[in-house]
Amino acid sequence: MNHAVLLLSSPDRRGITATVTNFIYEHNGNIVHADQHIDEQSNTFFMRVEWSLDGFKLGKQDIGKKFRPIAAKFKMRWDLSFSDQRPRVAIFVSRHLHCLHDLLYRHADGQLNCEIPLIISNHPGARPVAEHYGIAFHEILITKGNKRGQEKKEMELLKKNGIDLLVLARYHQIFTEPFVTAFEHRIVNIHHSFLPAFAGKNPYLQAFKKGVKIIGATSHFVTPALDEGPIIEQDTVRVSHRDSLDDLVRKGEDLEKVVLSRAVRLALEKKILSYGNKTVIFD
Amino acid sequence: MNHAVLLLSSPDRRGITATVTNFIYEHNGNIVHADQHIDEQSNTFFMRVEWSLDGFKLGKQDIGKKFRPIAAKFKMRWDLSFSDQRPRVAIFVSRHLHCLHDLLYRHADGQLNCEIPLIISNHPGARPVAEHYGIAFHEILITKGNKRGQEKKEMELLKKNGIDLLVLARYHQIFTEPFVTAFEHRIVNIHHSFLPAFAGKNPYLQAFKKGVKIIGATSHFVTPALDEGPIIEQDTVRVSHRDSLDDLVRKGEDLEKVVLSRAVRLALEKKILSYGNKTVIFD
Amino acid sequence: MNHAVLLLSSPDRRGITATVTNFIYEHNGNIVHADQHIDEQSNTFFMRVEWSLDGFKLGKQDIGKKFRPIAAKFKMRWDLSFSDQRPRVAIFVSRHLHCLHDLLYRHADGQLNCEIPLIISNHPGARPVAEHYGIAFHEILITKGNKRGQEKKEMELLKKNGIDLLVLARYHQIFTEPFVTAFEHRIVNIHHSFLPAFAGKNPYLQAFKKGVKIIGATSHFVTPALDEGPIIEQDTVRVSHRDSLDDLVRKGEDLEKVVLSRAVRLALEKKILSYGNKTVIFD
Amino acid sequence: MNHAVLLLSSPDRRGITATVTNFIYEHNGNIVHADQHIDEQSNTFFMRVEWSLDGFKLGKQDIGKKFRPIAAKFKMRWDLSFSDQRPRVAIFVSRHLHCLHDLLYRHADGQLNCEIPLIISNHPGARPVAEHYGIAFHEILITKGNKRGQEKKEMELLKKNGIDLLVLARYHQIFTEPFVTAFEHRIVNIHHSFLPAFAGKNPYLQAFKKGVKIIGATSHFVTPALDEGPIIEQDTVRVSHRDSLDDLVRKGEDLEKVVLSRAVRLALEKKILSYGNKTVIFD
């Protein structure tokens, strides 16, 4: 069954929920999920509402048009999507392939409601798994001098494939600021530490040297400031002095897979609203 | 600031959210929290909405009256409460006092928005802590033959003190069915296992003998069927072969305190809706 | 570097640790890991000791011979293995392939120190992934009447392939008692619930109906009593009323993969000692 | 029953375990717990061995004397203690009393094998609970100018009371370096964040602003570098955008209590070995 999802934020004031739900009701929509949140610090209202289009009296192409005056009145930022329009995802990966394997298996298993038309890597290693799942694989090598040129190629590939969301499944290259800015809130990364601890390189080695008793993984939107973007999801697992650095890596990779796949699902299902450096997650 | 909280459930149909939020909006209410849920199996709609009474055009005594026709139209079960009306809680306890200590410290610390006018126990051990916190203590001994008579005494105490909620903080007596029925969905218990595993007596010993690698605690509403009431909250912790039975008890008691106090907070803040043998938790 | 691992249990008495570690020391062994445990209920001593064979003065074939008198003196049950002798594993699977995919990726990634010469299934679905990883796949259909005959075939395959360990990666057939007995403590199963809760069929549906707030997964040795064998590893994850039955399955499958792979690693690294219905895990 | 506990570390070489366990065996000791660890980076051996003194042929005062040559031979750092010699603990606290309440209840409940002769605070608030448990309370106010003088007073109190271990149960003063150095590895602190994230002041506010999805608590030994000492224990709990700063504080305090009490137990039971900036925890 086809659903519409409206995701919005605005300055908080009386009547927003009533107005939005009335809009749906008066066109005969049946709400199947609704959640809202008010951030008291910034007096911001956030809402996600999902309704069945079965019997809805507006066509998909008219909903946004009709909603626009309401959005204007309440000064909303808003996004309207439909469950039958599957987002198109590009996965970027380097040498560590566990997250890629995990995402592709989930996708084949029907857990991720999206298309994955291409995989981009700065290493050749992912080609066999891409081929096993029948997904186009592009090896785009990054060297010290060629990053801007290669990013241009990537941009063209993404555009040509109509990509909505970029997933960095342990992609160990830092995009330039223009690239990141072009895909604001549309690049989901997995960092292999419990951010803000151990940002930057070799987080497992940092954690091992520090002697922490718990390690973590963090999925976040990419922003120009490295490892500083809004956090979408995190998880942790216990370690001890018995764990070698290799054990930390192995335990951590299990976290990475789960944390990244949860974040990707949330993004695909339009359950994330960013504000400043934080996120509202309507799970 | 005073808030109203409306908790409701009804058969699901179009327009409930719009109608309820309009009701609040047209009387100039400002919603501060709203959450809803639809159970697809039973086609039941659940909602919790909280709004500020600052500027609200209906007096507290009129809100219910005005809402009644809406409730009738949608066949709602509903409950209206106000944040300035602190529920009155009676704590029942036996020999293990960790949960009692924990609840009383939290209450004194301002974490539990309620009055605690009395503590009832079938053992004398809790008297000193009751006195330390200035709460009336009633020792009501239960023997094989006197349960109904003693429950009658307890009923009178609860009535006299205007008790809204009973918290069984490791109270090791089983109430009779009439007593339980009189306080349906108003008795919160802590069971020292991860239910439905290890219901009944000595759950830590059962867990120890079974050799589980994780133990848990469960808070639930009391129903006539022992340890079978709707689950409100659970938590778990790892154990190993190194843990003796005493270690399981100690680790488990840390869970019990946290799980029971969370459940009590949820009950006090009107965040629990029961349906059949399950709960919706609007946390 | 090649290591020896000695795993033993015996009635507890003075001097066992000293005797065992002296045996290693006097032949110039360097202990790299040692752990022990005493079960007070049964007065049983458990030990795992691992030492480097670099410079060790006994050949691999002589160690057991020389150790036998010590074992006899202390009435030990014991097992001696070497890190360069990779155990041979057969995986059994039915229709749910997530654990199989997970184990095969880990194996290819070097996380599991074993050979996997064959996969056996009562369904054809796993054939492509078996072929992708280059592992022999045997479809052995089980019907009401043919179980004993099919188990005979399986026995022959296992024998022919020199299988040491059977891993049931969501294999939904119940072996006969003679089959189970033939592989005592050598069949590792994953059950998709937090045992002993929700043993038997459809544990996710059972959990959904019960309304638990946490679900789990359990890996255990298979014994003739269904879902009752010694527990090796468990883990849990929070769920809520927002989670549908499908969500429970998805969240639970993430647990199953991690829990089963941990249990398999523990078995391969000779870190599990069973006694009665419990396990000592020297992790 | 009285037990001896030997805690030791040394450069790793062949024969340490054999030598130590032989020493116990030849004097007729019965080992009840033994654990060891080798840090491969630094080639350091760590061991904790606990044995029953029932039937042991050396008197308590002779054990150390007889062991000294062994320790010298292997260049050990070592510590010998006896379960019937209860360590003497001083608790330092400021305005937040949850950890203090928790420790005192546990102590009264028999969970902490120690004496607690005194509580020191820079605020008067803890006096009533100290008096309830019958423990001497010393208010020692710290101002900008008087720290060294006040620390001298504290030193005298600690000396007079024969204090072995200092527990900082949310004590919000920074000791001078000489004070810290005088109690190396004998000051256990609780920090209300998942270190190394959010070191320093107001960690809950830092976490709230950062928008993390998990918060934590960390217990560590105090060293001259603030919040940088060896980590003993950590734990974490999930939070969401629904949690206000007050919710973070409340959830975090539940962690703090459990994490600090675990660390104190580990210290009292001689289960912690520090090396460099890390710990081995023989739990």
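For reference, chains read A, B, C and D in written order, and residue numbers begin at 1 within each chain.
Throughout what follows, contacts are C-beta pairs under 8 Å (C-beta built on N, C-alpha and C of every residue); 3 or more make two chains touch, one makes a residue touch a chain.
Since the model is a prediction, treat every value here as computed from it, not as a measurement.
Participant: Based on mean C-alpha positions, I'd like to know which chain lies farthest from subunit A.
Facilitator: Using the mean of the C-alpha atoms as each chain's centre, the farthest one from subunit A is D.
Participant: For the pairs B-C and C-D, output the one whose chains share more C-beta pairs in contact.
Facilitator: B-C
Participant: Calculate how many whole Å lie between the centre of subunit C and the centre of subunit D, each centre taken as the average of the chain's C-alpha atoms.
Facilitator: 37
Participant: Need the CA-centroid distance for the pair subunit B / subunit C, whole Å please.
Facilitator: Computed value for the inter-centroid distance: 42 Å.
Participant: Which residue numbers or ranges of subunit B touch two or more of the other chains?
Facilitator: Those would be 242.
Participant: State the interface residues of subunit D toward subunit C in the complex, per the touch definition above.
Facilitator: So the residues of subunit D in touch with subunit C come to 13-15, 17-19, 21-22, 24-26, 28-36, 38, 238.
Participant: Which residues of subunit D touch subunit B in the complex?
Facilitator: Residues 98, 101, 105, 109, 111, 132, 242, 250, 254, 258, 283 of subunit D touch subunit B in their complex.
Participant: Quick check on the complex: what are the subunit D residues that touch subunit A?
Facilitator: Residues 37, 39-40, 194-198, 209-214, 216, 230-236, 240-242, 244, 277-281.
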